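When the chains are written out, they are named A, B, C and D in that same order, and each has its own residue count from 1.
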Amino acid sequence: MKIKAGIIGSAGYTGGEMLRLLINHPDVEIAFVHSNSNGGNLISDVHTDLLGDTDLRFTEELSQDIDVLFLCVGHGTAKKFLEENPVKEGIKIIDLSQDFRLAGAAGTDWVYGLPELNRERIRTAKFIANPGCFATCIQLGLLPLAAKGLIKNAVHINATTGSTGAGQGLSPTSHFSWRNNNLSVYKAFDHQHLNEIGQSLVQLDAQFDVPLHFIPQRGDFTRGILAAMYVESDLTAEEALKVYEDYYAGHPFTHVSKNNIDLKQVVNTSKGIVHVEKHGDQLLVISIIDNLLKGASGQAVQNMNLMFGLDERQGLRLKASAF
Amino acid sequence: MKIKAGIIGSAGYTGGEMLRLLINHPDVEIAFVHSNSNGGNLISDVHTDLLGDTDLRFTEELSQDIDVLFLCVGHGTAKKFLEENPVKEGIKIIDLSQDFRLAGAAGTDWVYGLPELNRERIRTAKFIANPGCFATCIQLGLLPLAAKGLIKNAVHINATTGSTGAGQGLSPTSHFSWRNNNLSVYKAFDHQHLNEIGQSLVQLDAQFDVPLHFIPQRGDFTRGILAAMYVESDLTAEEALKVYEDYYAGHPFTHVSKNNIDLKQVVNTSKGIVHVEKHGDQLLVISIIDNLLKGASGQAVQNMNLMFGLDERQGLRLKASAF
Amino acid sequence: MKIKAGIIGSAGYTGGEMLRLLINHPDVEIAFVHSNSNGGNLISDVHTDLLGDTDLRFTEELSQDIDVLFLCVGHGTAKKFLEENPVKEGIKIIDLSQDFRLAGAAGTDWVYGLPELNRERIRTAKFIANPGCFATCIQLGLLPLAAKGLIKNAVHINATTGSTGAGQGLSPTSHFSWRNNNLSVYKAFDHQHLNEIGQSLVQLDAQFDVPLHFIPQRGDFTRGILAAMYVESDLTAEEALKVYEDYYAGHPFTHVSKNNIDLKQVVNTSKGIVHVEKHGDQLLVISIIDNLLKGASGQAVQNMNLMFGLDERQGLRLKASAF
Amino acid sequence: MKIKAGIIGSAGYTGGEMLRLLINHPDVEIAFVHSNSNGGNLISDVHTDLLGDTDLRFTEELSQDIDVLFLCVGHGTAKKFLEENPVKEGIKIIDLSQDFRLAGAAGTDWVYGLPELNRERIRTAKFIANPGCFATCIQLGLLPLAAKGLIKNAVHINATTGSTGAGQGLSPTSHFSWRNNNLSVYKAFDHQHLNEIGQSLVQLDAQFDVPLHFIPQRGDFTRGILAAMYVESDLTAEEALKVYEDYYAGHPFTHVSKNNIDLKQVVNTSKGIVHVEKHGDQLLVISIIDNLLKGASGQAVQNMNLMFGLDERQGLRLKASAF
């Protein structure tokens, strides 16, 4: 018996990635693919890489005959959608927006869906707030330290994201003529993902109380985030490596690389890779993910797998693009 | 006494290039920089690379106290602008749109501004219709043959343009996430520039009467056009080389390369380079230009130089970006 | 009982793609991963995207306890390898080089492994000569016409390839500083793949006897080939579409798009997509593949699937990178 | 009377940029263009963008009949060259390597050639050690603070460089297939340019004694460096802006932008642009340069202009590539 899945907002980037993943997921049947603007159109007319893979069409209708609902709409819209469209008891919800990530606002039915932080709670969750892309990448770099209470000084973070992180809306900073061969800083010290990162660090270390200095950058590539972060630390290189290896030992998607890493190792996969180096008294952590997969739709599927008792990697053994 | 220049449509790509060129042109004084949407704003707030180079501001006012007017507005808009804003007798006009390129529609006051075709007529012209970018690149590859009556069979042309050729308007095909690492064909056999190319070939060879099969492509780079074209020919490789070298002998911006060429040889310059090879009975011609310079604003300045009796290269000895 | 596979030349690009595919292929067990230069090293130290996916190591040893051998070495080296390392009777060989593609040189044991041309012969073949990347892309565009005897005039082909087509060797034309934002023509009218294309067209149409004019180009992207080709034709647009749809009706990896296409629709998949347009008396065919998958390792797995009686798509339902 | 210039190592990237600049410099005559590996060859056969601009050839001969010698060879080679080829008294030398940047090793004849730091000393210098590219970009961001003694806490710097920063040598990290769409960290906390930066900060502020934490990154573009750096500071945003505006008031190539900046504002120019923002108690400084121009050959020409009493901008009013 397959899991019946519905997708809201399926004409966007994260919706498209949901489709690319679920179409090949052996335990999922796509019940409906909702889009307000594309009702009736072939999915492969919008996500044209799916030509030949599916004859599904977008629909404007909603159905309650599903087991799980993925919300792939914008921030604010997810909350509004659920208010206007009450979902039948028993249907699990996985929301990719930021609307339910902060516990205070979301209430107790929602679990923050970062398996490397909350795997057991996710298994039994009703609703999942899927983490942000920067937030995932940075947390993968910091959780092992926080779990041991080892973040005692300000953390310095610089992270560069691909253009898909900004969605498919047209804007001057997503214009090819501008972005190609370009680089820029935005929302310095003020990115909205800092809140969910802080919440997670406090969850692991109630004493956590140092600043996270975060400089986000727009890169001239389409997929992926590379975060370089460092903090003063007493750990030796060997001790630091062990902290990370121990923390991620049971996690199938997050790996510790002994060698230096580069962004394309994870592009088009749902993996995260971290690498740690010690320089004087500073511990450097480099963390990479694909913003649309481990940073969005891949993690959503990982959460679904956990919620439905499947192998965490089901449907997510993806071929890296590598080049 | 400097040439007083006005620019209409100066917030766009070709308008910006006009500014980048004229600011450093030793014989030109910029009289006004017109923009409907940016009146009062600093030029360097829109063309941000000009920060520190100029304190000029856009204006919504027009002045007739100029020697030359550059029209950098869209197709159709140039004609309309001139109808609504009659220009004082004696002011020279250089229009970068396609509105006056075809002799039938433009009337006798307009000269098609391709110096490699019409240099002497340009010197005495009142008004110049500046050629299209694809049209310039392809004509540089074909004019020497046409001048000798050597195009007797269908010509096969494939040319790939950078994203700036599509202007700064936002569109799905100029979205970075789509265009990066992508390639596509558009307007196959039907590009509007075929008309002006045909007109020029007939000008040189009244017998010219074969098809030009033209496949335009959108490349994933910002600047430049590379056109590869071939035609059946009796010429030997040496004869063909001589035809091209002779034709371009007196032209300071168009060069014949004995070695194979690549697009970046001309990027950020106002040069054209052609390379010819003979393969069996086919004569292959590769032609490269920067679409915004030799294909637009650089050629406009070249035309201005000719019209005002200046050295054709004045203000156009540009450093190639090379990489 | 899984198929035991060995890979020769597994440190290169096509060898890496073989590994990325076979690691997730449900019916394959990797017996050994041969590399002369990397014996003993972790695969994930060379193909670093495989970190966390496999603990396999390269070996310098060869084993005969396999069912299929993939040769991922350079042109010339494959033939030499087989001469120096006789393979036990019964082991199937799939060679990705060009050494056995031409029937005259290869002898009768070898079948040219293009499923869209030779599917039934592949099922029973001992040895497979896997087609070239340009050759695959262009043949997908021409086979349906040839099968009906409809190629009666010269065919004009321009195709642009990504950098991975040139392998991982370091060279001036694969230097990032040169290739980024660049475009160039190479081996015009003279690419070695013309031979295998011609052989296939004659196989389908013994009367085939017109020139294929082929201009290959180096693009500034990593993966994929887009070929634009045209030929004079009496077919209407509708008739042409039907010819292509009929020909590919039973083929799971090659699709006909009614809409215009762009390269990224197939990147990181093993699909081919073709699109046909009629312009005057010219029939335009655009064809796209990923050069490393449908143009190399993906097609090798497709051939293996056919040879071992598996579903042709087994292990090849790949998530497109899309962006 | 023009300045006679000789160039050593003129087949490399910085040598090529020297040529591109000096060919159009109104006060310079190129005396010789030295290359060990290309003697006798046309310059335009190596720097192919110069086709049509010069008929000069590389030479293996050295001449002492020059006014200034530019050394564009690798680190270590410059020192060795001067030991083996004593230069006649009175010839000024501008060395682009790092061999003479540190005062202790270089001796008193050498001046560190950063005009924003040492303009007056450069005017009368015999020999100039041209600064490194990262070093220039970062110093432009820090000099104004150091000059006021305002750097009292650790500085956190992340800077991303284009591929030309690594020169034209072939290497895995400059392979297009690897670098395109990629990002990586290298030499974290340990880049050799930290020494010259520290030396300059001490020159301005003898009390300077805090760590510079520097994470260099390899970007997937060809030209340019963007550095984002921050430090705890008591300055208000307005005060900080004034500190920078005052410091750079008389410097024609370094500008302070009130708006946020992006890398392409300076690509293919010899400008630097800095932008400052205050966030809580942290002062963020973003600094951009073209690594081959303000970071190498452009700055070398700027130094030459100062040494010979020319307008500092002579030959350096470059058209930005902008896109």
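Keep in mind that, in the parts below, a contact is a pair of C-beta atoms (placed from the backbone, for glycine too) under 8 Å apart; a residue touches a chain by one contact, two chains touch by 3 or more.
Since we're looking at a predicted model, the values are computed, not measured.
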Those chains which touch chain D and also touch chain A: B, C
Distance-maximising chain from chain C - centres being C-alpha averages: D
Distance between the centres, which are taken as Cα means, of chain D and chain B, whole angstrom: 34
Inter-centroid spacing, chain D versus chain C (mean Cα positions, whole Å): 46
Whole-Å gap separating chain B and chain C, where each centre is the average of the chain's CA atoms: 40
Junction residues of chain D, two or more chains touched: 13, 162-164, 177-178, 180-181, 220-223, 261-262, 264, 267, 323
Contact set on chain C toward chain D in their complex: 13, 162-164, 168, 170-172, 174-181, 220-222
Chain B to chain D touching residues, read off their complex: 13, 16-17, 20-21, 24, 45, 47-53, 162-164, 180-181, 222-223, 252-253, 255, 257, 259, 261-262, 264-269, 271, 273, 292, 317-323
In the complex, chain C residues that touch chain B: 156, 158, 160, 162, 177-178, 180-186, 188-190, 213, 215, 217, 219-224, 226, 228, 230, 260-264, 267, 277, 279-280, 282, 284, 286, 323
